[in-house]
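Pasting a structure here, questions to come.
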């Protein structure tokens, strides 16, 4: 019963098979191999974006921080939600890669930026001319850190505001597949058709070993991205092993199947929780994560039985927090099983820890 | 016949098996898993350095640039050979990670820093006080970019100069195993006993998929390293897959066996070349790479037959360069076979390209 | 009637005389001249801090950004008020000089950090270990951007919180003299005795041409400061001209006299305003600036008569804003005269613009 | 007898008078004052460049480092002479402002880049694509650190090479006036007509208190420059005092008169030295500095008599160096008098130190 994060799971067997298959013979390094080219072509097809450029990196922080660095100058503000991953969980990687940009924080429920708040925040920033940090870019996390999903219409609404100020738009799609399944739209509809310029397309959390694709819809930013990736130490020499993962991930829509499963598991978990005594959701369950406040006793039974998950917010302690604030973040992945969920729900419903 | 680089080879089968074995169940992410701890412990044993801290990253550029960033301030000069990998092949990654350090270049044959030249260069730098870049650190590449190897005594001589100026010493060991086999010494003798403070311990080029260990002999620099690694986007979430590679690499001294093989292949190739008509070495063959000038005709026959390798220096062209300067860089790896070498030597000796 | 800022005034005649006097003969450059040494000694006396080191720069942004850079690592958060000058008015200079620190914003009335809010904000930051930006430093602006003044006891309260988390404390004293006069304490009581580690001691706004002193109470940070200053291009070659200004500024307590005058002018202006029809203060008047909401008609009369000042907040427009929000920021300086104030108050009270 | 540097002299009386005159009344800050606009217009006239933008800063390091930052990306090499001021005397300011560019050093006599050497160095850099630092910009110091002067034709030759590689050209003109007088050409001929894109136009060393103008011939780089200047803490609030200096410096061609004088003093000194026993020039005297090897006894007599100057190179010591290497750097300024020179020459010729 491990709901700590989708990154505590391993890689899907088809990813592992692809790695083994890629391990044959000598292959040009640094991305000059045929697999890398095939992956780039395949992502262009999937995104209906024949001009797009695609780059692979191994971590989500690298994908996000490098994307920001090509979209804003050092003096440009990055507008993002107060609880965005780039703000809260990357130890300042965007600041490092951009050369010192300021993340300017926008409010909104469920870690989704409220359009009015975004509008006001951008308008307020840079109004003092040379004395202020300038308006730089907008970054949208989809699915959000609170498990919510922006629809294409919602992304468009934010992008339209960005466009009004001539700002480019980044989407942190570490859980892009989960968002896409939830929204029931095409990759193009969720991204460039909705005004997104650069996408961090996540693979790691959804069944890969460690690979993310940065999809740059406007090719004029591409060479700069390559240079920043190399300079950041993120250009792999044995690049075929990044490409092989991504190739298998896309092959036969594996990425969509895995995300569908993870979302279904979260839905099942969420449905069970709302029926458990004293439990209630603190964010709607839209993708693969459930955020629910649970009675202290339920936490104790579940944790006593070996369930792994984080309290939410992260700095809670089981003993210290007021009971009504004692929420759990429960993340499902491609590897989560219905049985795990049933066992977990059993504890919430009072099942005692097995001796 | 691929001698382009040791990174055109794949991963050794035991590395692949270890990855498959590591892919079981849920495991804590970001390096909190038992495999990562085991790897750290094992490297401490191998280096006879119970206080050392070990961090895994996926690329050599990351290992080197992060190492430099913990060893020097932004205003500190990094003393290294004119042909060091950190100077010539990382697109300024050390400058990026350090916040703008200056690489101050030292001469010496076979890409090895001459001790006198190092002494003079350090003494000359920073003599003007506040107006100059200060003395920061020394970085030694072993084996060098020209295929030569520093002995422990030679490393000690350079470290002693660094110590005289109170500078820390980094070793870029992307090909550390090859250097160690060539020098016939222990890992401790090649590093901390010879005055090295931080080592980039390469795995990728010598049979791994993508993993390098940074071994920090002085633990007080460790937490800063962790922060810089995270901030650089180099902390893997599914960290077990870095650890599994390194574990298998160390297990049963696989790393030493693979390097021994690669060095032997280079020795065989080198011996053959010196007997070929018109061929001669331009650097001594000490590790796994051979640098040899070859007649234009020999190049044509070999390349015509599909042999892959770079001309040396890299900016040569087969038609443009004067014949006496037309050298080849031929790199052997764990995957190079004696047969490949025999075939290659055949072309040098006049064998015609098969129709 | 210019209340736009204290930096629209010129330099006090005694500053100009000192510059002329310093312009004799050849003098060692870069701060090795006797005047610079005398200034350093004098500031040590004034601050009762025999170990302190003093550095002169020409702008407040340089003083602040360099101070931050020696007090926090790039991954350290700078805790400051949401309306601090370093957050709102320096185009990201602290981010640039620190190498990408994040300014984490604290609330509180009158641009003063509320101690409880500071405590909670620090406690919340960095709780997630390696994934978060770490706790770096606290920066206190005194007097604040809203014209309020921290007492030594209030500074101590904030410093005590900083100390609890082992964080150093910076004071942005661009208007230090005004704050000191308002608080009625000694320089030492306002700074190191209240837990301040580094002070930006302003001269420019209070009658100098362009000079600020950075007073570093802990000498071990001094050499790093010197290097960062030089590297930032802020080490003056004809340094005597910075020293001469500061010397004259301190001589005979000129700095205190000028600030006393500016504060008195603000008090006079403030007293007049609260008696004008429809006017009221939006921040208490404690130093040399008055923040008051005025009827639209009063604004029109005053501006029509040539009074210069900014609406507050800066992005207001006289026509667009709701009348009750239409505040003015009115800054007095050493050069403000009682007459100017009387004339200005006349317009508030309905005096018509002279033909 | 102070020949240590042109920055040990004070400011010319007309500069001081201009500062006093500028100190009247309230004036808009941050460069929005009429004097600043007049200076910009005047420099456009002087340079026959109606589109040019002009920015004032207080130090040469700021002028140079900010100029580099708008001309190259962080991964771009800055090609300059091995002894350029930006390489040797700014503590890495260009690296700091550019975000970590690499200065790639070019050889040539008298600190002038040899065109062939520049061509080869650029051609060699970046030939390895993504793995290398890219070609960024060329920086030419005129007059050079060795007192030599590039003619317009020589500048054009270097610029033509830069253009071949599509690189912009910066001129470090800390001693621009001295170079111009020596070359006998117009400001336009020495700069944009010869291919220079951005000029650091020095005032400080040639009689100002502390002001340099950055002349940007291509206005599209201007706004970025403004942002970088502010972010670097180099935008003065009481900006009129920078403008006043520059205005007086240009008024009635004061700048040219002062440089003419300084060059004449150097010529007189140089002529005297070549006739002194055992003395000879180590660089030709073309601007305002003389580099001459002198017998140890001559050094002793002159220094004993209170002559100030640096040995050359800077790390020499009077006792330690071999006599034939014991050179002096003797810099003349607007303030140097014929009498000083005669007295100095007297000591070289054996005159004893007055009791």
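In this document, chain identifiers A, B, C and D correspond to the written order of the chains, with residue numbering beginning at 1 in each.
Keep in mind that, in the parts below, a residue touches a chain if its C-beta (ideal position, glycine included) is under 8 Å from a C-beta of that chain, and two chains touch if they have at least 3 such contacts.
These are the chains along with the protein names UniProt gives them: A, B, C, D = L-threonine aldolase.
Bear in mind that the values here come from a model prediction, so they are computed numbers and not experimental data.
J.: Identify the chain pair with more contacting C-beta pairs: A-C or B-C.
T.: A-C
J.: Where does the A-D interface recur among B-C, A-B or B-D, taking recurrence as more than half of the contact pairs being identical by residue number?
T.: The pair repeating the interface of A-D is B-C.
J.: Taking the mean of the CA coordinates per chain, how far is subunit A from subunit C in Å?
T.: 42
J.: Measuring centre to centre with CA averages, how many angstrom lie between subunit C and subunit D?
T.: Computed value for the inter-centroid distance: 34 Å.
J.: What is the distance in Å between the mean C-alpha positions of subunit B and subunit C?
T.: 52
J.: Which positions in subunit A are in touch with at least two other chains?
T.: 74-75, 90-92, 96, 99, 130-131, 134, 227, 230-231, 235
J.: Can you list the residues on subunit C that touch subunit B in the complex?
T.: That would be residues 30, 73-75, 99, 130-131, 134, 224, 226-228, 230-231, 235 of subunit C.
J.: Please name which positions on subunit B make contact with subunit D in the complex.
T.: Result: residues 74-75, 88-92, 95-96, 98-103, 123-124, 127-128, 130-134, 314-315 of subunit B touch subunit D.
J.: Which residues of subunit A touch subunit B once you look at their complex with the stated criterion?
T.: 2, 4-5, 7-11, 16, 19-20, 22-29, 57-66, 90-93, 96-97, 204-205, 209-210, 227, 230-238, 240-241, 308, 335
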